[in-house]
Amino acid sequence: MSTVAALNKASPLDALQRWLPKLVLAPSMLIVLVGFYGYIFWTLLISFTNSSFMPSYKWVGLTQYAKLMENDRWWVASKNLAVFGGLFIGISLLVGVLLAILLDQRIRREGFIRTVYLYPMALSMIVTGTAWKWLLNPGLGLDKMLRDWGWEGFRMDWLVDPDRVVYCLVIAAVWQASGFVMALFLAGLRGVDQSIIRAAQVDGASLPTIYLRIVLPSLRPVFFSALMILAHIAIKSFDLVAAMTAGGPGYSSDLPAMFMYSFTFSRGQMGMGSASAILMLGAILSILVPYLYSELRNKRHD
Amino acid sequence: MNAINRLAAVVALASLLPLSALAEGPGTVEVTHWWTSGGEKAAVDTLKKQIEADGFIWKDNAVAGGGGAAAMTVLKSRAVAGNPPAAAQVKGPDIQDWGSLGLLTELDDVSKANNWDGLLPKKVAEIMKYDGHYVAVPVNIHRVNWLWINPQVFEKAGASVPTTLDELFVAADKLKAAGFIPLAHGGQPWQDSTVFEDLVLSILGPKGYHAAFVDLDEATLTGAQMIEVFKTLQRLGTYMDPNRAGRDWNIAAAEVINGKAGMQIMGDWAKSEWTAAKKVAGKDYTCVPFPGTQGSFAYNIDSLVMFKLKDANDIKAQNDLAKVALEPKFQTVFNQNKGSLPVRQDMDMSQFDACTQKSAADFKEAEKGDGLQPSMAHNMATTLAVQGAIFDVVTNFLNDPKADPAKAVKQLNSAIKSAK
Amino acid sequence: MTNALASRRLSLSRLAIYATLIAACAVYLIPLVVMLLTSFKSPDDIRTGNLLSWPEVITGIGWIKAWDTVGGYFWNSVKITLPAVVISTLLGALNGYVLSMWRFRGSQLFFGLLLFGCFLPFQTVLLPASFTLGKLGLASTTTGLVLMHIVYGLAFTTLFFRNYYTSVPNALVQAARLDGAGFFTIFGKILLPMSVPIIMVCLIWQFTQIWNDFLFGVVFASGDAQPITVALNNLVNTSTGVKEYNVDMAAAMIAGLPTLLVYVLAGKYFLRGLTAGAVKG
């Protein structure tokens, strides 16, 4: 503090320059503290109360969490998120990387193809959900089309099958996001030093080996960005579920975000809804923080 | 100094002027609702036109989706923000919740001036009051326990109109054998629970229904009769279209109307679909009480709660809305469109079709005994939390063909306990 | 000689590559084609034909009906999206600039906290946010909605710019500082001019995110102020008698058209921006 004061005396303008970065960041800091962490704290608080219809502040300890643990629907929703999130992120990465590598082979009409892969990302989840709900509609969609075309035995009824409906969500979400992953990796590939590849080729390494051993490992930061964005989409896929299945059949395609929304807003069990939100955040935290930490620390070493 | 003072005064006056001018203007009434489907929209438009004819501004805040869930989210956020609309579509026990928050305005003047106590059935009036004062205005009474039948389909299949559950299954078998979908149904939680509640009313009778859904009596909820209900529900499920998941109720209704399916278990709003398809009650379609629930009336009352407002002109507009909503003209048009009963007891029922007339007679009959019961599936009987718990169990049960009825009963009881 | 041999062997694998890419194109395009075809069909045609059957009679009735119901809300979305996109991008640029060039004790922690914000399920913040907006007197206004989008768009815009600026050599800024250039001078004269690619990425990203938002729109804007996504949902979620898929699909296309156009027209810049460093750590 004393140094700041000294500086202040030394030259007010200089001090301003010194403080300017912090000043510029201050509004955002305030926003983050209040709009993110203040609200999370408020949710945490509510999760320890018996808030039902509207927020109240009567402390009930961990009762809401205990109730949540007993709730079958919560477990279905959590399991679905694990399955959906895992498959969605995994398949999107795989498809994205593959398409990026293929597109990087000096393809004609690359710009056009790129746009085709990328455009689904422009659509809102509501539109994607509406479109795929219809495509996968048993009796009207692909189901009917392929039978019309002569594939008599074809059945595509995953949308109404409680055990498979979650894969429908994965299909729609991958369709939407994999092109974006492709774009990220294509951008990354364009940044890779060509001389390294050529050197490896001279050494007699095959193309797949070069990509697997040399190129892809160098794209670690791209993986990081892609993962961030995909996880962001997976958690926010509320819109997709709402438009595509509304959690059905039964509650077999419920996701935690959906669960939280329905308990907080339509069922008047705000305490339990908040508890589910906190658990959701906790799960994200436990996966993300170690990862973020290692990524950010690595960078500081660079 | 003086000059500055004078200037300040002028500025203050000038800034006041537009304010007072604003206060002179017509009041605005903003209504949050989810009456967005065709017939409903037409019905709301008549209300809007009446309000505008009375010199007020109507601000429509229609929020579709999730059977009102989206609208409730909006309403809660706005209430928390201290900016509620003038009126909102809220019903049943929820009115008490909103009342207990101190957000609702008492409609003493309008209700006295228009003799609401004399016009409304006693049961209905009770629901609309918080702490002895009217805080909401009812617009209609729906009957939930109906069965809708396409007589042409029944004729082709050689089935006859069922009056008991056994006859229902006989008819369903005949329909199935003739290649029709016996039971049109949409796989949404509230639709599943509508069928469930009808079965409870049929098998347990109105008293047992009351014990199960209003008193949440454990012995009733876990009793042998309740297991029977789940067994019957499972059996009914085999007569429904396997592709029903997520289907809207009116799409299911269209299947009966088009002759693809034979019947549908649905409340009287289903009639609006028949009317829209230019079909005549008693001729092109038959409405009967759900088998085994003759003489009972599971009610679902739509109402508008009125929030406390500050602006005097807006309050005038709000009072006008409360008055107009109960006027015979609106009651007639709205209920003809919605398929429901008018809430006013002094209405000329000859303007309504056979189904509604029957409904009105049944209502009067049921009101005398225990027959008049609040609908669980439509949030008239319990809190939303308990209702949601029941929905979860029922919908999960119906979507799992291998589910065990005895286990479902236990799940139901524990889910209700934890939600209470 | 060897070269020619290699190219012949390659041509076979190139064929496989092209086949895969084209097949993928078909998969990505089918939903759009289906939506377009459906929007031009009549309801009867939809029931009798299949997804990819050509409309028996091409009719624009779906589009006309759709525009009648959702068209009015199109401009609301424009009014909400434009200011929110510009302001959040600007703030993100400034934040990224500070976090990469003017690091101070705790700035890294702040960045971590901000990143975590990307994963905040927005449902959690609805009620406290409405409370705050109510206190600010911004409830149910487009201004309030713009504010919400700025706040919750900040995490990503900052991430974009910070990553981009990290790859800018620090020496450039150091030299300018030694020359006596101030904080804003360096930003305006040195960094901003070289930020065009990342600004494009950020604008496109924010534009799609905000234009496509449904949750905030439905909760924080009401009635006449609601964005087009809310109007679309109102249309799709309520069906009168026969479900008019052609109207639904046309409305969905109308709602999606601006973002689609942005991706098709500016997709090139998007990729260029990504290449230029958005994805580099």
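Order of writing sets the labels: A, B and C. Residues in every chain begin at 1.
What we mean here is this: contacts are C-beta pairs under 8 Å (C-beta built on N, C-alpha and C of every residue); 3 or more make two chains touch, one makes a residue touch a chain.
The UniProt protein names, listed by chain, are A = Sugar ABC transporter permease; B = Probable sugar-binding periplasmic protein; C = Carbohydrate ABC transporter permease.
Just so it is clear, the model here is predicted, and its values are computed rather than measured.
Asker: Identify the chain pair with more contacting C-beta pairs: B-C or A-C.
Answerer: Greater number of contacting C-beta pairs: A-C.
Asker: Would you kindly say which chain has the C-alpha centre located farthest from the C-alpha centre of chain C?
Answerer: Taking each chain's C-alpha mean as its centre, the farthest from chain C is B.
Asker: Roughly how far is chain A from chain B, going centre to centre by Cα mean, in whole Å?
Answerer: Taking the average C-alpha coordinate of chain A and of chain B, the gap between them is 38 Å.
Asker: I'd like to verify one number: the distance from the centre of chain B to the centre of chain C, where each centre is the average of its C-alpha atoms, in whole angstrom.
Answerer: So the centre of chain B lies 39 Å away from the centre of chain C.
Asker: Using CA atom averages as chain centres, what separation in Å is found between chain A and chain C?
Answerer: Distance between chain centres, rounded to whole Å: 14 Å.
Asker: Specify, in ascending order, the residues of chain C that touch 2 or more different other chains.
Answerer: As it turns out, chain C has residues touching two or more other chains at 126-127, 233.
Asker: Two or more other chains in contact with one residue: find those residues in chain B.
Answerer: 65-66, 73, 76, 80
Asker: Out of chain A, which residues touch more than one other chain, so two or more?
Answerer: Chain A, residues with two or more chain partners: 55, 261, 265.
Asker: Inside the complex, what are the residues of chain A that reach chain B?
Answerer: Going by the criterion above, the answer is residues 52-55, 67, 70-73, 133, 137-139, 157, 159-160, 162, 165, 242, 245-246, 248-252, 261-263, 265-269.
Asker: Which residues of chain A touch chain C once you look at their complex with the stated criterion?
Answerer: Of all residues in chain A, those touching chain C are 17, 20-22, 24-25, 27-29, 31-32, 34-40, 42-43, 55, 99, 102-103, 105, 107, 111, 113-128, 130-132, 134-135, 140-142, 144-145, 148, 175, 179, 183-184, 186-188, 190-191, 220-222, 224-226, 228, 231-232, 235-236, 238-239, 243, 256-257, 260-261, 264-265, 274, 277, 280-281, 284-285, 288-289, 292-293, 295-296, 298-300, 302.
Asker: Report the residues of chain C in contact with chain B in the complex, numbered from low to high.
Answerer: 126-127, 130-131, 133-135, 139-140, 218-220, 222-224, 230, 233-235, 237-243
Asker: Mind listing the chain B positions that touch chain A in their complex?
Answerer: Residues 65-66, 68-69, 72-73, 76, 79-80, 94, 97, 101, 187-189, 242-246, 383-385, 387-388, 392, 395-396, 398-400, 411, 414-415, 418-419.
Asker: Applying the document's contact rule, which stretches of chain C touch chain A when the two form their complex?
Answerer: That would be residues 14, 17-18, 20-21, 24-25, 27-32, 34-35, 38, 50-52, 91, 94-95, 97-99, 102, 104, 107-108, 110-129, 132, 151-152, 154, 158-159, 163, 166, 182-184, 208, 211-215, 229, 232-233, 236, 245, 248-249, 252, 255-256, 259-260, 262-264, 267-268, 270-271, 274-275, 278-281 of chain C.
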